[in-house]
Each structure stands twice: as C-alpha cells, then as structure tokens.
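Listed below are the structures to be examined.
Here subunit A shows up in two complexes: once beside subunit B, once beside subunit C.
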Partner chain A sequence: MSQYLIEIQDLERFFAEGGGRLYVLQNLCLNVKRGECVVLQGISGSGKTTLLNLIAGIDRPDSGRILVGGEPVNKLSDRFLSIFRGRHVGMVFQHYHLIDHLSVSQNVAVPLTAADMGFAEQRQRVRQAMALANISHKADSTAATLSGGEKQRVAIARALASDPEIILCDEPTANLDRANAEALIVLFEKLHNMGKTVIIATHDPRFLSLPFASRVLRMEQGEIVS
Partner chain B sequence: MSRGSADTGKRVIPLTLSFRRQTVWDLSTGIIMTHRKIVLFAIDNLGAELSRYRGILLLSILLVFIISSVIFLTASLRYTLLEALDAEPDFVVQKVVADHQKTLPATLGDGIVEIAGTTKITPRVYGRYFLEGMQRSILVMGVDFLDEQSHRILEEIIGKTDLNHFLSDRHAMIVGRSVAAWMREHRGEKQLYFVSPRGKRIRLKQYAVLPENSALFSSDMVLTRIENARRIFGMKRSEVSDFSFNAPNEIEWELIKVKVASLAHGLRIVDKKESRKVYEEMFNFSGSFFIGMLVMMLIPFGMILYQRYAQVYTSEMRMIGILRATGWSIGNVLMLKSAETVMLILVGYVTGVALAYLYVFTAGAPGLASVFLGAWNLPAAYQFTPHIDFFVLASVFLLYALPFSASVLFPVWKIAASDPVKAMR
Partner chain C sequence: MNPIFLDRNIFVYALSETVVWIVLFFAMPAAVALLRYWDFSSYTALQFRLERRAYLLMSVAVFVFVLKLLLFPYFIFTLDKLSAIVPGAMCAAGVISFDPSGMHLLYLKIAVLFMLVLWLVVNQYDLAGGNYRWSRLKYRLFVLLFVLISVELWLTLRFFNALDIHAVLNCCATLYGLLEGMNPLPFGLEKIPMVVLFYLVWFFALFSHAARKPLRHFAALMLFAVIAYYSVLYFFGTYIYELPGHHCPFCMFQRDYWYVGYAVWGLLAGGLFLGIAALVAEIMMREKVSLLKRISSWLLSLFVLLCTVYVVSYVIRNGTLLPEEVSTGMVMPM
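Coming up: the complex of A and B.
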C-alpha cells in the first residue's frame, strides 16, 4: 500500500489548436500524503485548475496516471467516476458554480441527492456542512441572492456535505474581500485539523505563508517548477 | 462529518471498493432511495423554475386541448349518430330520376310486403321546404299518427295527455330547437306559413319542441300530420316520398334488395350498413383532417422543445455540468430530467384534456362545432353527449408524450455525456 493518497505520474493534458497541440499540463508528477495541505501557486493559465479538475475526476488526462487511494481514477468508468466524485472529492470552484434558483440547503444537498443514503442522514449532513461553513443562517435563501462571500461558503458547504477525504479549492479567495478571505483561511485550517487532504490552487500571496500548509508548489506552463 | 485526525493516517480510502462490496439488496434499496430523492429534487427544481417552464406548459396544454376537443367532438357525434342509426329502419327505398328524388306510388308498399323476410313497411312523406323569410330550408316530416311506432315516439316526446290534444288539432306541428329559436327571435310568434305548389297558404302552429338529446337530427325539423306534409309538397294521397322497411335476417339483405329493385324502374335501395359507412366516413374525414393538421403542429412543438434544451438555456447546461461535477452519473441526470418531463407531460395532458372536456361537453364547443355541424341549414343548438374514446385518448398521450420526452432527453443526454467542465462554463 502506497504512503500517498494521491499519486500523479507523467500527466499530460492538451487541447487541439490550429492543427497542433496546446499543452496545459506536461509530464507532471505529484504525490500528496493523506492529511496534507498543499498550495499550488501560479499565474492564470499555468494549469492549476486543469490539475484540480483531473484529480477530481471531472476531466480526463490525455496520458499519464492519477491514482487516488490506489485506484486509477482516469481508468474508472463514468459510473464509478461519478461515485468517486460524489463520495471522495469535494471541489470548490472558482466561480462557485451554484444552482442559482435553488436555496442554500438544496445546493448543499446536491451531491447527497445522487448518493445512496436516507433522507434523515442527508438532512443531518446538510445541517453539519452548513454549520461548518458558517452559512446555516442562510439555509432557505436562494443562491442568486447571496453575496460573493456567502456563495463561497455555500460552495464549501457543498464540497463538505459528502464528508470527502479530499478537498480541492480553485482560487477560493479570488472574489472575496479581506475579511471573508481570512475567515476562509481559518476554515481551511479547521478542515486540515479534521484530517482532510486539502489542495488549494491560488495566486493569493496570503497562502504562501500558511502555517498549516505542508508544501507550496509553483506551477508554470503546465509543470511544477518548485 | 468530523473524523479524528489521529486515525486518518492509517485509514485507507475505500473508493469504489465500498460500492463493489454491497449486496444486491443494498444496491436495490440504495437505487430506490436515490430515485426517490431525485424525484423530490425534480419537484423542488420545477417549483423553483416554474416561470421558465410556463411557456412550454401553456403550449402543451393548448396542443392537447385542441387535439382532445376534436377527438371528444367526433367521438360524441359518431356515437350519437350511430346509436340513432341503430333505431332506424334497415332499408329505405327511393325513386331517383336524373339524380333527383321523386315520389313513389303508395302501391309499391304492397309489392314490398309480398317479399319474404320484410317487416314494418312504412310509407313516408317528407321533404325540404325553403322558407323565404328565414332564407333557410327546413325538413318537413309528415307523420302517420295511426302508425303504432310513430304514435309511441310522439307519446314519448309530448306525453300521453297532450298527444290526444295534439292529434285533435289539424294545424299543429312539433318543431326542432333551431326552428323554435328562429321563430321566437325573428317572428315573435309560434307559427309558420307554408305555400303549396298551387299557391295555397298553409299555417301550422307550434305545439311542442323536440327534445335536446335529438337535436343533432331534429334541430331543423318540423313534424306534422302526414296530410299537412302532402299539402305543403303538393303530393297526392297516392304518392309517398319513400318507403322504409326492416329485414331481420341480415343474410337475406342482398336478395331482398334485388327483389325490391325489380318492383319498379329507378329505385334506390339504401341499407343501414351503407348509411353507417357514410356517417363514419364523414366524421373520419373531418377528424382525420384535424388530426393531420395537429400532427403537423407537433413537429414545430418538438423543434421548440429541442431548441429550448439544446441551445437556448445555457443555465440548463450549467446545471447539468454542476450535477455531474458533484457526483451525479449520466443516469442520475437523465432520471432527474425524466421525472421533470413526466410531471410536465402529465400536468399538460391532464389540464388539456380537462379543458377540452369542459369546452366540448359543457360549453358546446363554440367555433369548432360549426366545422362539424356546418352542413346544417340552421345554427345547431346541440348539446354534445359525453362519450369518450379512451383508446384514442391514450394514443394522443403517446403521440404527445413521446416527442416531448425525446426532444428533452436527447439533448440532456448529450450534455450529460459531455465534459462537465465544458458544460459548467
């Protein structure tokens, strides 16, 4: 059994452009231990988001391997990949990606709706996730009516609802003011202390000096350079 | 929710293994539970987005309403006509010269009586009469009140006591509802003046109005003594308009027709089966014409739906992308959209059918009725008898539900099967 929760080997992702290939990720290798908090730094277009999408199983690599808990995620069928996404990964998207016409609690319940659990357990998990993300007071508000900070909290609550081992965050503070950003960092620390494996893709300098971050990796042109 | 940090280092992610370890029972109960939650989610989603579905719902209701109205109307008319046809005599014998109906000698009845297998031979005197004031023609039927069957029918219409009074009045007539309405509105009196071919004026007074349930046939009808009808049409006592008779053994019908035809030259013998065929063709043509038009309407309806799901609403794509990214399988997404579609289809169908029922059987199908009753000389004051053809209604449901479902689910499947990242953009 490998000591790593996430093992990435020779990962490549490219897109066709003008008859050629535009590489977003090239020969990328990365191992992440269970309970680690890893910060991925890099400018826009450096491949951070693509890497998170590939780990989350919402995108597939063109070559290379991604093993999570020893399972080759990129080889899973759509059905098992969906189960993997729903149970084991919580993704916080840069633009939140909430369903605007649904309420906060309905948004948080989205990953649990497709999971095989009872109504009571679902309700309990939604309550706990909202409490952890400090958004319980807005449970019945429609997502469209929330501020940026509140939307970010809902997105985090949704990512936590299924109690995943891995939390992936894409530019979590990009649309937040200072107070909200600092509150979010406190929340990440809490998640780290809970034993979650957290990977944060950001270009926010505040994340460079996180006391609980095990590593800060810099990405450039689809590669980890330091 | 929380897991102690102390033991996390030793835990192994179960990943798909936990799924594979489940028993068939666990799997099936899990699937049922998931489906229930998805259906409830569909209800929440529809409720939150009702305004978006309003247009599609209204279009569906309108489509089902129009198709169902035509079906209710034709089924009701066909049922009423065919039911009435059952009470009609088996044969009618007419004389036709140059495609015009002429009178028959009353003595022809003696010849028909002689043919084995014929019963209830009845001479009839009737014809259409053009009323100048009305600028419409009405059907004047002479009734032989001594005939047992005619006597019984009249007794049902106006009651036993009144019948004696009616029979004692030589100038009485019983009129259809449209004739009665016209007299009330335009003449202000309950009588009509007829002029015979010899220029003699004949006045008939309204004694009663024929019942509403027979209005499909009797709306423009005037029933009076057979002598009055003869005077109106200038017919001699030795002449009749036609003969009707029955032949209980259907096997003998062809032979009887041949025998009747040999009694005189130029006889047209129409049996009940031919009449039934004519009625059916008449309503099948009108109904088919409408249904054909509406099937044509279904094509743009399907295209509108397809466009709505495939191109117009990017938020729909975004939502599917979000669902997929948060752990929904393609099957789960299709289940959600199927549940939503079924609810929309059912609401559209039930509302459309209910409105059509009220429109046809309560309101009398204003507008549409004239398309089917347009051959009438007078505006028909007809109340349609509720008669529902469930097989046809079920066919309409399929005709409506299948393209609806396909137009929604195919683009949804295409989006769900594509890259969630692309769908969320």
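Coming up: the complex of A and C.
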C-alpha cells in the first residue's frame, strides 16, 4: 500500500479559449502523506482552486491521475463520487456557500442528509463539529445573520461534520479580518493535531510561516514551481 | 407529400419522431468514437474527453429514449383519431391495416420498445457500477437502436404518406372476426382451458421468479405473452366491450371504453418487457437484476387483476358470464 494518502500524477486541466487551449494545470505531480498540512501559495489564476476541486472530485481533469487512498477519484462515476466525497473529503469554500435561510446547525447537517446514519447520530456529529469550530453558541441563528468570520466557522463545521480524513480549504481567510483569520489558523492547527490531512490554498502571507505546515508549495501558471 | 401530414396528431407525432432521430443522428459519431477508443483503465486526454462525451451522450439518450417510449401510445392514439376521418375504419385496427407495411411497422415499433427498455436496464446497471463495465455493450446496443429507429422512422413516414383517406378500409369486426369452422386460439385450445392456462402461466411466472429460476421465468414470460394476447382478444376483451363477438385489440383504446386499452396493453407490455429485458440483461451482464423482475411481476399481476375485474364486475351485475358467441359465417377478406 502506498505511503501517500493523495497521489497526483501528470495532471492537466485546460479550457477551450479562442480555438486554442488555456492550461489551468499542466503536468502537475503532487504526493501528500496522511496527516500532512500542505499550503498551496500562488496568485489568483495560478490553479489552486482548480487543483482543490479536482482532488475533491468536484471537477474532472483532462488527463492525469488522482488517487486518494488508492481510489482513482477521476474515474469514479457520479454516484460513487458522491459517496467518496461524503466519506473522505470536507471542503471549505472561499465564499462559504452556506444556505442563507437555514440555521447554523441545519447548514452543518447538510452533508449528512445523504449519509447512511440515524437522526441521533447526525445530531451528535453536528454538535461535535460545531463545538470544534467554536460556533455552537450560534446553532439556532440563520446563516444570513452571521458575520464573515462566523460564516467561515460554519463552513468549517460543515466540512468536519462527516468526519473526513481530508480537509480542503480554498482561501479560508480571504474575507476575514485579522483577528478572525488568526483564530482560524488556530483551528487549522487543531485539525492538524487531530491527524486530519489539510490542504490550504491561499495567497495570505500569514500561511507562509505556519509552524504546523509540513510544506508550503508555490504555484504559478498551473505548475508547482517550488 | 400527402396532405394528411397536416393533421394535428400526425404532424406532432411525425415531427417528434423526426426530432428524436435527428438527436440520435448527432449522437452517433460520439457513440462510434466511444465504441472504438473507450479504455476505462487509461488516463489519457482522449479517454477523459470520451468520458465527458459519454456522460453527455448518456444523458441525451436517456431523455430521447424515454420520450420515444411515450411516443408509442401516442402513435396508437393518432391511428385511433385517424379512424374518424378514414371511411370504413372504426378504430386504429382499420387504419393500421390499410397497408401490409402497417402491421410490420407496429411489430417493429414493439421490437424497438423492447430494445429501449433493454438499453435503459443496461444503462442503469452501467451507472450503478463504479467502473462503467457495460459501456461497450451499451453503445453497441445504442448503434443497433439507431439503425432500428432509422428504419422505423422511414416506415412510419412512408405509411402515413401512403394513407389514402378516400379509400374504404376494413373495420375491426372484419379484421378480427371469427372465421367459420376455424379456431383462432393458440395450441388448438378452447376458450375456457385457455383462460385457466392464462392464470396458471401467470402463477408459474411469479413462482419461477420467487424460486429464482431464470430459464423457467423466461419461458413463463414468453408463454404468457402469447396466452395473454389471445386471452385479452377472445375472452377478457369481450367483457370490456360486453360483446361476445368483438375481438378487437384496438377499440379498447377509445373513449367509449375509458381508454382502458392503454392500461391493459401497457401493463402487459411493461411487465413482459421489463421481465424479459431484465433476464436478457442478466445473461449479458452476468449480474442479478432482481428489482426490475419484481416490478415486472407487479405489473403483470396488475394486468391480471384488471382483466379479472372486468369479468367479475360483469358477473356481479348480470349474474352470469357473457353468452357464447354466435358465428356470423364471416369470411376473411382476401
């Protein structure tokens, strides 16, 4: 069995543009061990979000291989991909993607609705995830009434609800003030200490010197350059 | 072009069938490319492109094939409506028998229906598995279906184009009337033994399904197809019409009989096609297809129940079965 939880080989993703091809990712190779915290640095348009989407199985590549726990993610049919995402991946989006008219606890429970578990277990998972993300005190508030920092915490709680082994974060501090951003970094450290594999895509310089990050990788024009 | 194409129902039907064919025509190059180059174990750009096209093609095909399934009852409805303007025809039977190709067209449409159900079953199992194991089989069937649908469209347009609304057609009483001295029932059966056999074969089909004997189940369904057709025509149908001498399979599609023909023949066709397609798919894919067989058994049971209700209802209301048919001495038109 491979020592890597995530193995990416010769990954390419391009889009048609004016009769030609616009490469967002080119011949990208990356291996991530279980429990690692990897920071992907790079300016907007360097391919960070696309890479996260491909690892999560939200998007499909044009060529190359992505193995997560030995499972070829980009070869799974939609049905199996949904099961894979539900069990193995928690995604935190830059713009939170919460359902505004639902309460915090209902938003956190969304990924569990399709999971094969009882109502009591769902409630238990939601409570744990909210406590971990330090948002339990807002459990009954609707998402629309929350501040940016609180919304990001709800998004993280939602990503943790199904207890995935991989957490993918896309620009988690982009819309947060300094205090909220630093509180979030503390939360990431907590997740790392719990043994979660965390990949953070960001252009926030604070992540360059994270003491718990195993690696900081720099992306430029769809390639990992350092 | 025959001005009959301006008839509202024919226009809509012919246009729908043509649109279905055009969509399939544009999907064909993708299906052929998938058949030629599909290699799921490959991670090349070509394979990923094919996987995206396969997804699109599958979505289009499912939509078009479901539409095609719905077009069949509309075809019967269209023929039935035409009988109002074609002299002599009292129902769809007269119109479809206008030209010898009409019955061939009907048989081809039924064969296409079965192939559509088979394709949808294989597609369902292909998607349910994680590795698209049945993609090649699915696209082979797709190509075969395209050929059949092309021939069907050509025959359909030719049939409507040849239809002469001034020609006097035969009515169903002539076409399905009893011939003097001849027994029209299969295997030389009399009416009552045939009805007993109808219930026995239905029970045997259910039993062989429950006992998981696929070959016996298949044989039972094939036999039931024959027995059920003749039983509806020569026994249960007479209770729907409440006329001992009326043996038309099409009149029951009319408003006078509450359009019950769609339910009777629909349940029978649905039950048989799903059951047989599930068994054929099992042989081709070597996988158990139990849910569809269960649905098939339910549909056939509903069909048997519906047929029985008409007889029981008649007996309750009249205290007796329908009287035996009196021979009219009718001869088959040459």
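By our rule, the second predicted complex is superposed on the first by the 226 of 226 C-alpha atoms of A that agree within 3 Å, B and C clash if a C-alpha of one lies under 4 Å from a C-alpha of the other, contacts with A are read in each partner's own complex, and residues count from 1 in each chain.
Following the convention adopted for this analysis, a residue touches a chain if its C-beta (ideal position, glycine included) is under 8 Å from a C-beta of that chain, and two chains touch if they have at least 3 such contacts.
Fair warning: this is a prediction, and the values are worked out from it, not measured in the lab.
Colleague: Does the subunit A-based superposition show subunit B and subunit C clashing or fitting?
Modeller: Superposition check on subunit A shows subunit B and subunit C fit without a clash.
Colleague: Output check: A:Glu12 vs subunit B and subunit C. Expected answer is one of first, second, both, neither. What do you get?
Modeller: second
Colleague: Can A:Phe80 be said to touch subunit B (first), subunit C (second), both, or neither?
Modeller: both
Colleague: Once the shared chain is lined up, is A:Leu210 touching subunit B (first), subunit C (second), both, or neither of them?
Modeller: Neither partner.
Colleague: Touching A:His88, do we find subunit B (first), subunit C (second), both, or neither?
Modeller: first
Colleague: In the overlay of the two complexes, what angle sits at the CA centre of subunit A between those of subunit B and subunit C, given in steps of 10 degrees?
Modeller: For this superposed arrangement the angle is about 40 degrees.
Colleague: Considering only touches as defined above, state whether A:Ala139 meets subunit B (first), subunit C (second), both or neither.
Modeller: After superposition on chain A, A:Ala139 lies in contact with neither partner.
Colleague: Output check: A:Ser63 vs subunit B and subunit C. Expected answer is one of first, second, both, neither. What do you get?
Modeller: A:Ser63: touches subunit C, not subunit B.
Colleague: Who wins on subunit A residues touched, subunit B or subunit C?
Modeller: Partner touching more subunit A residues in the overlay: B.
Colleague: Touch test for A:Ala183: subunit B only (first), subunit C only (second), both, or neither?
Modeller: neither
Colleague: Upon superposition of the two complexes, what minimum C-alpha distance (Å) separates subunit B from subunit C?
Modeller: Result, nearest C-alpha distance in the overlay: 9 Å.
Colleague: From the superposed pair, tell me which subunit A residues show up as contacts to subunit B and also as contacts to subunit C.
Modeller: Subunit A residues touching both partners: 76, 78-80.
Colleague: Within their complex, state which residues of subunit A touch subunit C.
Modeller: Residues 9-10, 12, 60-65, 74-80 of subunit A touch subunit C in their complex.
Colleague: Across the complex, what residues on subunit B touch subunit A?
Modeller: The touching residues are 1-5, 7-9, 11-19, 26, 29-31, 33-34, 37-38, 41, 44-45, 48-49, 315, 318-319, 321-332, 419-421, 424.
Colleague: Where on subunit C is subunit A touching in the complex?
Modeller: Listed in rising order, the residues are 40, 43-45, 48-49, 51-52, 127-132.
Colleague: Once bound in the complex, which stretches of subunit A touch subunit B?
Modeller: Within the complex, subunit A contacts subunit B at residues 1, 5, 34-35, 53, 56, 58-59, 68-71, 76, 78-80, 82-88, 91, 93, 97-102, 106, 109-119, 122, 125, 128-129, 132, 142, 158, 160, 162-163, 165, 193-195.
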